[in-house]
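Each chain gets a letter, A, B, C and D, in the order it is written, and its residues are counted from 1.
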Amino acid sequence: MTFRISDDFVQSHNQSRVADLQSDFDALGSKLARNGVDIEALTLRAQGFAVATPSWGAGTGGTRFARFPGVGEPRNVFEKLDDCGTVNQLSQATPTVSLHFPWDKVSDAKELKQHADSWKLGFDAVNSNTFQNQPNQAESYKFGSLTNQSAAVRDLAVAHNIECIELGKALGSKALTVWVGDGGNFPGQLNLRGALERYLDSLKQIYQALPDDWQVFLEHKLFEPAFYTTVIADWGTSFACAQQLGDKAKCLVDLGHHAPNTNIEMIVARLVQFGKLAGFHFNDSKYGDDDLDSGSINPFQLFLIFNELVDAEIREGSSFNPAYMLDQSHNVTDPIESLMGSAIEVQRAFVQASLVDRDQLAAYQASNDVMMAARTLRRAFQTDVTPILDMARFRSGGAIDMINCYRESGYRQQKAEERPASKNASGSGIV
Amino acid sequence: MTFRISDDFVQSHNQSRVADLQSDFDALGSKLARNGVDIEALTLRAQGFAVATPSWGAGTGGTRFARFPGVGEPRNVFEKLDDCGTVNQLSQATPTVSLHFPWDKVSDAKELKQHADSWKLGFDAVNSNTFQNQPNQAESYKFGSLTNQSAAVRDLAVAHNIECIELGKALGSKALTVWVGDGGNFPGQLNLRGALERYLDSLKQIYQALPDDWQVFLEHKLFEPAFYTTVIADWGTSFACAQQLGDKAKCLVDLGHHAPNTNIEMIVARLVQFGKLAGFHFNDSKYGDDDLDSGSINPFQLFLIFNELVDAEIREGSSFNPAYMLDQSHNVTDPIESLMGSAIEVQRAFVQASLVDRDQLAAYQASNDVMMAARTLRRAFQTDVTPILDMARFRSGGAIDMINCYRESGYRQQKAEERPASKNASGSGIV
Amino acid sequence: MTFRISDDFVQSHNQSRVADLQSDFDALGSKLARNGVDIEALTLRAQGFAVATPSWGAGTGGTRFARFPGVGEPRNVFEKLDDCGTVNQLSQATPTVSLHFPWDKVSDAKELKQHADSWKLGFDAVNSNTFQNQPNQAESYKFGSLTNQSAAVRDLAVAHNIECIELGKALGSKALTVWVGDGGNFPGQLNLRGALERYLDSLKQIYQALPDDWQVFLEHKLFEPAFYTTVIADWGTSFACAQQLGDKAKCLVDLGHHAPNTNIEMIVARLVQFGKLAGFHFNDSKYGDDDLDSGSINPFQLFLIFNELVDAEIREGSSFNPAYMLDQSHNVTDPIESLMGSAIEVQRAFVQASLVDRDQLAAYQASNDVMMAARTLRRAFQTDVTPILDMARFRSGGAIDMINCYRESGYRQQKAEERPASKNASGSGIV
Amino acid sequence: MTFRISDDFVQSHNQSRVADLQSDFDALGSKLARNGVDIEALTLRAQGFAVATPSWGAGTGGTRFARFPGVGEPRNVFEKLDDCGTVNQLSQATPTVSLHFPWDKVSDAKELKQHADSWKLGFDAVNSNTFQNQPNQAESYKFGSLTNQSAAVRDLAVAHNIECIELGKALGSKALTVWVGDGGNFPGQLNLRGALERYLDSLKQIYQALPDDWQVFLEHKLFEPAFYTTVIADWGTSFACAQQLGDKAKCLVDLGHHAPNTNIEMIVARLVQFGKLAGFHFNDSKYGDDDLDSGSINPFQLFLIFNELVDAEIREGSSFNPAYMLDQSHNVTDPIESLMGSAIEVQRAFVQASLVDRDQLAAYQASNDVMMAARTLRRAFQTDVTPILDMARFRSGGAIDMINCYRESGYRQQKAEERPASKNASGSGIV
């Protein structure tokens, strides 16, 4: 039996922090009450928030230049679940895990599900991988996978995606996320339209294999690994393809996959309006697909995205249920710390956006009172909702001070012993 | 009667240049023949190329900081037609003009049409203007036009667009281009979805007013004059709206209206594939919507766009007929010189793209011979097709050396006398 | 005598708000005390913060497409001072005004100074204008000013700058800010090195005219109004020129004048390290030089800039005294509201950055505890310091609720009557 | 003895191509002569052009997602020299190789030098590597190398750089290129100024170790592998550091290391003017540091850079001698083909820039004839100088049709047999 942080340890760690938390919570509650906001309702709402962790995020990421792993890195999907379970234990905000195949493929799905159950973890969307060649793979993805010129390669890639659906079914997943790195590095390498036609042909086959209650999430990305043209490079292409495929196909938004200066919250609003928002891969970035911790570079942007999501929730009602996942590369931090911290930053944006008085905002908008409309959003963002987040976590059984609780638990050191470094780490840290 | 360059003058100017041209043309012809390319066919194709000039492009443009007009600027639409006619006379590549209302509104359409006929000019798409208030306008566009919160403002903007259709019908135009600067400068100013819903409502009314043989071109733009969110900011939004409206609605691509690093040729390919490419506003840029002369900053990008267009022409056949227009701001050059030169640079890209051996290219692509595929495009681009362009112009009656022919004709000096500077220049130079 | 808001009105407006403020202030004080932060010291520090307003910011700005002025716009420098004085009266954070010549030129400096004294306003850096032609100007700046090919034009531009110094001396200014739009729209238009050589020659003459206790601030900008190359386009060029000129020349940073994705706080750190930081033109932007209200688009970036400034203050001591100015274009808001709001957002970043425990941060950095270092900054940013800002304002005699106090005072309506719209507004809104 | 293409094979391959080449060369010669340009002088100039190849460029590159190696990849520095020698044999434009340590470290420098001599190859600048940990390295570069918080790490990195100088001395190199990936992924991770102070301390030690006739090249890069702040992120920082170090320190420009929209040719002009241009790492890019083949994405930009270099050569005379190197990642092409092709594209830009009539250009600039100045550059760029490049290669003993000559030689297939795939390939393809 491997080491787990005991719930008793968490509670005892909370003990010395709960009085200050209550005091901050009460002060904030009084302040919010003056504006007609019920802190208890908001806290309950915070407790209901959930974002999936990616199994591969439990390992240290890297760049094409180097990867500097830490100690105690998970060596297989069971150990990844242990780490993701720990993240959820302390954060109480990440009840599901998103797997990546073939990295996380096991022969016995039941065993994996039981392991997840022991952590009270469920499985979010599954991810296929056709951007790497696997050992002894019959065909190469060097020149594309689902869009390859060769039917044999496309068939292989399609079959892999269908296998991912099968694997996911056994685990209780309800969606397949398809990201392909397919594209070209040079003008002329691809016939741009031909490549997309092949993509649609391949996707139609995958779509056919979807169970009735499944969805397929199309993920676009401006560039990398292709550096001149990427087949699914922007939300427009993703949207047009999702339309071609049918109702079960939707568009996934990764915050780092856009051109510089792109207004991402507007893309969110458009996808909601036209019924094609699948969900998110959350992270943050300053330059490209930097895959930094969510909310670490531009927290106001994250808030504005949730501002759209809360608006959508009100308009669309309970049918609006986008998939939330963290998708980060933890190159210089302990992945567990980054995942916990990032989950809470996403939750923070959700709670702040929930603070906005939307009737008031609509009234300012209707009268073109730009100043007050802008200040209404900004005041919600400026509100320090940390006591709500801490209290939500505390009430759900998590740690008030996650990072220090985790550090003092000795989890990482225990894993360093349990998990000697391996050369065969499967897919850790690639995002 | 105002000054016009005589055709005799043009022909005599050509006289001393035709021998060298013939020599260069023959040398290029021999070289192309070695690769199985018939220079005569290509020259005929060049002669068939046409791109519209924008009436407002005949004036000096400016920035929010200043405008430095030249001498002899056109003061009304008749004078603008004189300048555009001169551009076509010398370049033989710009047989139509695109008008902008209310700047170019006249009470007597017949008179205007006769004036155009005297220049052998036709009328391309007409453009509406709801980004400025006109004197004594009943409502203000400060907070939007087709998307304004106020129904009265939206009605005014819709009515103006419908009036544009009426004005265009009298002149023989077949399309209305709708560009709105509507958007917001601050998060919270607009409900992002609400603004697009109002846009669609307004556009549906305009769409209803379209004659059977007309189209409406939706033009997107990332930013400016709105600096946080623009209602029609990207091709995805434009595309989704065109779908909502119907078959007569298509998407216009202005080369300067995209986020940094955007692969514009891919957008072209996508719009062609999904049947929604309206056409182009050609210009060039390094930073934003700089509206510089076409081909002056990144000529290879212009070539790659035409590479897609020639590919589309082959796939789609004669039904493929996108609208081409120059849309530039001539801040530091003589607008007539810039328009002539830019028309030829666009024509150059068209001819270079026509040089590509597409069977050969497809074969390289099919075998993933990236190097040879890339070189195939590049060799076409590197080919100096100037003799073809010059010969096409010469054979059609234009000037071999347009700029010097224009300068030596004394046209601008004549206009400086005919057209004393006016404070009331209507819309010159705004793009 | 024109309308002014009475101090009594402000105090009575505060009356109903002071109890809630005190309660929020106390709650925050308790929380900060737990972390060893003295809220009273911080409030005093907030009271000491100052940022200049630009005289031209009191008018409505616009774009090359249109300008939509509001009512009651100031028509001359005296009325601009009235508006800036009102901004300072309510915000207590903008005790100085930055003038722009020739827009703000008056024949009687003493009269202007007395008017400023009546508002307790001082004068910050003066700004020259060689990006526009003035009526009847002997030479044109169309092809550049300080870098023009023509010595006569350069002489004119140099003389204007020297005149600005003279005008500034009479008012008590201590610095001249030089921003030129000089550059080229096309490759080939300028010899890039030649243009900078002429710039340096011109600047040396201006530098010679600086009094001993004056400085000259060089302001760089990536693009606009020049769209291919700008002579002083980046901080590297600005820095090299400031070195060539001497100790009195420093580099001014406008937050909107950088390439996409630029890390501005790093530029700040570099300029501080090498002794050349002049100060800031504060604003915010999403795309280009959007000149939006400070802190409205990316407030975390503003905080990170102040994080560097507080670090610099500790390292450099009292000699570190950069110039702070707002430089915004108020296209859709009441300029007075935007200036007040923006001043407080800059002050907010200053106070938040002052919250950071720098010894603790240095310790985390020294041990490569990236997670805790990042969280240390983020926690300071997440702290809602509004009660400190409000209390600082209240204690200094300003308005707790600036916007509503201003609105309820009827100032704008009074000005609408006092100042009927004028066609000759001098330079309002251009930034 | 391993396979080499025989010179006889090259000459016989040329045999069937020389007549067409001569014909194209003569036609171009006649045309150029009309403009007073001597094609023979230009061809001689082309023959004198040289750009170094990077040893690591001989292997297939990759991304953080995957690497798809080809067959016959070089497994050590001797095999890399074989490939680089072949590139020079056919292109006659790459007489030197740039090594990267420790990847290319050998115990016997004399043996390596003899091997290079057998290819008539010399050695260009040597490159240090402190962005990766080497097996059994005493300290880790995870948190920086020359800027690390730990003196022990910095000492290790400094010692490695000094060792590189020693290794280079034995081979005849005259410069050390220092690129560090040091920086931070999160605000707060680094004290921005502290990191640069440590950089300067480390560089001073390296600078001390430079022989009298050596230079050190500082290479800046906006981002990657660090994603929030990079210590040497822009030319301004590089320039300031080079100044601090002394005359032997200069700034190296990699074309892919800039923010979006950056005008690189202006940076070149600035570095020349202030005496700090070291040279170039040539490649092309559309998004980030894409490391695509030179001239493949934006050939006009490459031309404009050489336009500055030719201008500098005229101003500075023979003392102007920047270092030229290719630095590309060949992910989907045969590296040998990419290197040959790219060398010629750089040579093309050099020859085209040499075509410009600089007196004429200066005259247009002096009279603000923007149109003709711009056209002067553009006409040089539009000139198809391929016959000059081919003739220069032919006369120097290279292949007229490099790619096909290489393919028909069977070199790659021979190497596939000689060099079975190795898991221990040292540093191939990382750029």
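Going forward, a residue touches a chain if its C-beta (ideal position, glycine included) is under 8 Å from a C-beta of that chain, and two chains touch if they have at least 3 such contacts.
The chain lineup, named per UniProt: A, B, C, D = L-rhamnose catabolism isomerase.
Here the structure is a predicted model, which is why all the values come from computation and not from measurement.
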item: Result of counting contacting C-beta pairs for B-D and B-C, higher pair; value: B-C
item: Per Cα centroids, the chain farthest from chain C; value: D
item: Distance from the mean Cα position of chain B to that of chain A, given in whole angstrom; value: 43
item: Distance between the centres, which are taken as Cα means, of chain D and chain B, whole angstrom; value: 39
item: Chain C residues counted as touching two or more neighbouring chains; value: 142-143, 184-187, 189, 222-223, 228, 260-261, 263, 286-287, 293, 296-297, 300, 332-333, 368, 370, 374-375, 378
item: Of all residues in chain C, those that touch chain A in their complex; value: 20, 23-24, 27, 30-31, 34, 260-261, 263, 286-287, 293, 295-301, 332-334, 337-338, 341, 348, 368, 370-372, 374-375, 378, 381-384, 386, 403
item: Contacting residues of chain A [partner chain B, same complex]; value: 142-143, 149, 184-194, 196-197, 222-223, 228-229, 233-237, 239-240, 258-263, 265-267, 269-270, 272-274, 300, 304, 307-308, 311-312, 315, 361-362, 364-368, 370, 373-378
item: Touching residues on chain C, where the partner in the complex is chain B; value: 61-66, 68, 131-133, 140-143, 181, 184-187, 189, 222-225, 227-228, 260, 285-288, 290-293, 296-297, 331-333, 430
